[in-house]
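Heads up, there are several structures right after this.
One chain, chain A, appears in both complexes that follow, with chain B as partner in the first and chain C in the second.
Take a look at the complex of A and B:
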């Protein structure tokens, strides 16, 4: 073990290169399992299934860089889905219902941020609470019922194609670009890293820590809401249990992408690769006929391996 | 004063208790100590002096097994040893009492004495509390102190905590005790009690390494003195062969007055005024004024509330009552951003945890306080680099690139980065908290020159420092705090070492200090 560790340490891969290697080998395995996998159509189709997780992972990356976490994203997604579906069913015009959903998503994120910043509570505990709270609210309001009599045009958000490209993939690419620019080119992005590396020093340097955190948790609320609209449109049904357990995929993707759970490091490029790997894996496991319960098991293993590798790379960099 | 060798009982006199020979220790590229020789004989007090950053603590941490030396060796009783932990050092009879005592404040005195040791057990395998308390009482009695072994450590005075730490070392059968700045938070009377205990220890053949920057103390209790400077061994001499003047010269490497730069000053209008500032348990009813072009020294013992006061003015923990006026206007400062907008900037004492984002580059640290100002629509400007470069040059940050992470810089360069960050914000009022702590002599004198220049430019500077020479040489006026209150104020002529110390400790010897309340044991 120690000899192997020493040998590994001498290898100076960039993290992204390793992730890219993992992704390519996964694609090769998938192709061996199913030759159709590598066709452009299949690949583009696959993209329909990771955009929701991807959008949330973008926000989660920034939150994890600050040393925080948001466990409530999956529940919030269900809550927004219910907000859109049931306000529409209650007679609100669909555009307004969607707008209402977006407001609910942001409000839920803001709610988290108030507890985290003003009461100075740990995000893990706060969002564990709201994880239950949002889900309970979604179930309660929907009475565990579902709405699916949307007008046909609602399908655009989750099922439209521009030529061969699924509509939501375009939304995702735009979101990646925007978040990447925010993180690497703006003072806000610099603050995110500063807070994650040393929150106290950031405070002594006049970094508006509260404002940054409120923006982050509310911002991920917006990303969750957009993901919720896409998801609801894609499955054409609004239900309380939509998005159940998605936080696992989201956090796994971010950690796999190299963001340290202790804060301070992480990149959008890494997260995108993390999202692609998890999506490919999920898709491949389905192709291979692995039951969903065992998919969860494998995802858990992957998360542990990712955390271990992160620590490993971190120590190597020191 | 005894000479080493005089008290060696029996046949153990031939070799020192421990000896460091040619010891070198590096941290990354920074040499902390180089080729240092140091020994301790049974029954002597060997003082280790030097400026902050001279390598005293590093050297003693090697003896204590916290660090292994990169070169050189450690001998105990004439035999080479290599400790891999303080526990092994303790087994060899060496105990270190760090400046920040490593006691457990929530536990009782008796429990503290036995933490990490074999504790007496009852027949049933449970802890034998009575035996522990009995043993603790014996130890405390042996030190001649009257302390309740069952009381919680956090309720004890600083002096009694120090005594508990010593008792703890003795429970481990220590033959050599290393004390790092033991009097830094003690009053004069408490310090002399401590000296009595040290004398008793040496009479029993225990050797004491005494690290202190209070030179009078060093002459009072030590047999030999070793001087370190910038990690090098400069001199080891009998205390009787030295005096304060040449000891200081050995420590700083040049006559003292050449280290400091202070031009004649003519303070302008009031830049900062504080009236009746109070924060419960930290400071009470503090008032002072600070003028443009003035350096106001703020002296006092560790824990007197100076840092808390300055941080409060900076908006870290706002005061509960009282007023802050900037340029004659009352302001409400609720956060550091608020303070910065009013032109106040605080340079923290805790450089690594509060002053710097260590993994960030020099550039990113310097501009962290001004990002909002220089950004356009939130976007980082291309000129950020030049801005940072300008300040790095102004402070002559040498031997490092702008893109280097500050965690790898020397203490002096790190401090310059923190100051650069402050200056980038162009504050009218600078609160400097121990600005030269852990900084080498060269950087120190540069920081003094910079402070002088800033005062000449009309900035108002509050200089918090525990180094009296620094305060006395740099400040136009000196305020002294004790137990959260202003206990003395001295104009240029009246500020003497004695006046300031008296006001800081509450001793009775001075004329100007209030001096009524002498703080004793609680």
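Take a look at the complex of A and C:
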């Protein structure tokens, strides 16, 4: 047993290569289950369903690299959805309502960051509190009701196609490029890794920790808000329980992509692969007729296995 | 820092000063003020019947909070209790409908709870995965197991001899209240006088120091997670008695109320400082607030927002208190 473990740990491998292998084998299995799966149309259509999780996962990657976490993203998505829908229903023109939604999303993220930086509270506790707070506000403000009488052009954000390509896929690709550049080509990105590796050392090296964290949590608020607009447009309904439980998908995708939950490591490439694997899995489970209840179970177990393997191999690499 | 430091600080002062240094003091004062305010608003609030009904309504929450309190004292967290309660209730409910009686359903509930708690504990201690991730994963995985086991149908027709923990009365008190108070006394004794109870404070207060002192850190934490499972199992039979049926979404969202009860009561979320009385106070406080919201006519959909706000208020108070006292633990 111990010899086998040692051999496994010595195994040099590229995490991205392994993830790519997993993704390809998943696609092969899905194609065997349903021959239509591999057609470009199906694949492009599938992309409509992972953009929301993907956008939030981009922000979550940076937060997890700093050793933090944000459990409130799903609730925040519901809150923004309600903010957009109900401010529109109250008479605000839709473009302003969408702008208002974006402001609410950023404000919610900023609210988190105030508690995390100025009170030095653990992000876990703060966002557990705001998870309930945002959810409750979304329910309370919407009176547990829904709005769906949007003008036709609102569908553009979540249902439009440019040729065969869904509109939100383009937004996602742009967001991936921007966040990738920020993380790997700017001093801000180096700060993010520095904080995650050793916050105390980063502080003494003059990294503006507070400002970086405020930017990160407000930034994920913006990504959540964009995701919320796309989601609301896609399902054409604004309601408080939108996004319920999405934090599980988001965090799973990030840790599956190889970010250490203890901070200090993680890549945008890994996260994108993680998002794609979870989307393929979810889509495949639906195609295979697996009830949604099983999906919860599988996602929960997948999260645990991914974190376990991450830490197992990381110890081996050290 | 734990009770020992608090006691030393208050040693020369009056009983009142010593009380103020205790972790649950702010919550207890808040509770008294709140009860006074609600009594002024509605004189029926202070009647024995209403007070007992509040205690009864928080019995399940309080029992679980007493155990999660120990996990948080260790410096860990458990947010899987909502789904765990559902799973235990489904199990004990199924046993109750086929076998009846109180003993077998209780045993089944406790066994399943302890098993789920052991999985949490093993993943945290041996798997070296942070407890928030472990219990987040388990929150979803266990909910999946419930739906798998029940196939989405409700369990109804719980026999009356099983429901005694929820409906029975003795000496003018309902069993849910008795179970809650009994377990509270047990936990106070365990916390003060058993080796494990003292180790929990040591592990949560300063894990490195505890390790260097030779304490079995992993075993202490593992047992805390198992304890949660056992208490959830007991709570599930109280739930069964009160509800008389089990739905597949039983316990959904309870994990938040449990964590809220513990931290509102005054147990520090960073571990090492707190008490069982804090968990009990927090649970009662939540019961009083929810009861008060109903009296004030606030719609139930605002519950989550109030809970979230209370968690943030509680942890903020904790930070401010620590800064005032100069205790950077």
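FYI, the second predicted complex is superposed on the first by the 315 of 318 C-alpha atoms of A that agree within 3 Å, B and C clash if a C-alpha of one lies under 4 Å from a C-alpha of the other, contacts with A are read in each partner's own complex, and residues count from 1 in each chain.
Everything that follows uses one rule, which is that contacts are C-beta pairs under 8 Å (C-beta built on N, C-alpha and C of every residue); 3 or more make two chains touch, one makes a residue touch a chain.
Everything numeric in this text was worked out from a predicted model, so none of it was measured.
Trainee: Assess the superposed three-chain arrangement around chain A: do chain B and chain C clash, or do they fit?
Mentor: fit
Trainee: Who does A:190 touch here: chain B (first), chain C (second), both, or neither?
Mentor: After superposition on chain A, A:190 lies in contact with chain B alone.
Trainee: Looking at A:140 after the superposition, I want to know if it touches chain B, chain C, both of them or none. Which is it: first, second, both, neither?
Mentor: second
Trainee: Considering only the touch criterion stated at the top, classify A:128 as touching first (chain B), second (chain C), both, or neither.
Mentor: Touch status of A:128: second partner only.
Trainee: Once the shared chain is lined up, is A:296 touching chain B (first), chain C (second), both, or neither of them?
Mentor: Second partner only.
Trainee: Which one hits more chain A residues, chain B or chain C?
Mentor: Per-residue touch count on chain A favours C.
Trainee: Contact-wise, after the overlay, does A:177 reach chain B, chain C, both or neither (first, second, both, neither)?
Mentor: neither
Trainee: Which of the two partners, first being chain B and second being chain C, lies in contact with A:245: first, second, both, or neither?
Mentor: Second partner only.
Trainee: Counting only touches as set out at the top, which of chain B and chain C does A:208 meet: first, second, both, neither?
Mentor: first
Trainee: Between chain B (first) and chain C (second), which, if any, makes contact with A:261: first, second, both or neither?
Mentor: second
Trainee: Taking CA centres, what is the chain B/chain A/chain C angle in steps of 10 degrees?
Mentor: 70
Trainee: So if I take every C-alpha atom in chain B and every one in chain C after superposing, what is the smallest distance between them in Å?
Mentor: Superposed model gives a least chain B-chain C C-alpha distance of 5 Å.
Trainee: Per the definitions at the top, what is the overlap between the chain A residues touching chain B and those touching chain C?
Mentor: none
Trainee: Using the touch definition up top, name the residues of chain A that touch chain B in the complex.
Mentor: 185-188, 190-191, 193-194, 197-198, 200-208, 264
Trainee: Flag every residue of chain A that touches chain C in the complex, lowest number first.
Mentor: Going through chain A, the ones touching chain C are 69, 71, 115, 119-122, 124-126, 128-137, 139-140, 143-144, 245, 248, 251, 255, 261-262, 291, 293-301, 303-304, 307-308, 311.
Trainee: Which chain B residues qualify as touching chain A in the complex?
Mentor: 314, 316, 336-337, 340, 346, 348, 353-360, 364, 368-369, 371-372, 375, 378-380, 421, 425
Trainee: Note which residues of chain C are touching chain A in the complex, please.
Mentor: 77, 79, 123, 127-130, 132-134, 136-145, 147-148, 152, 256, 259-260, 263, 269-270, 299, 301-309, 311-312, 315-316, 319
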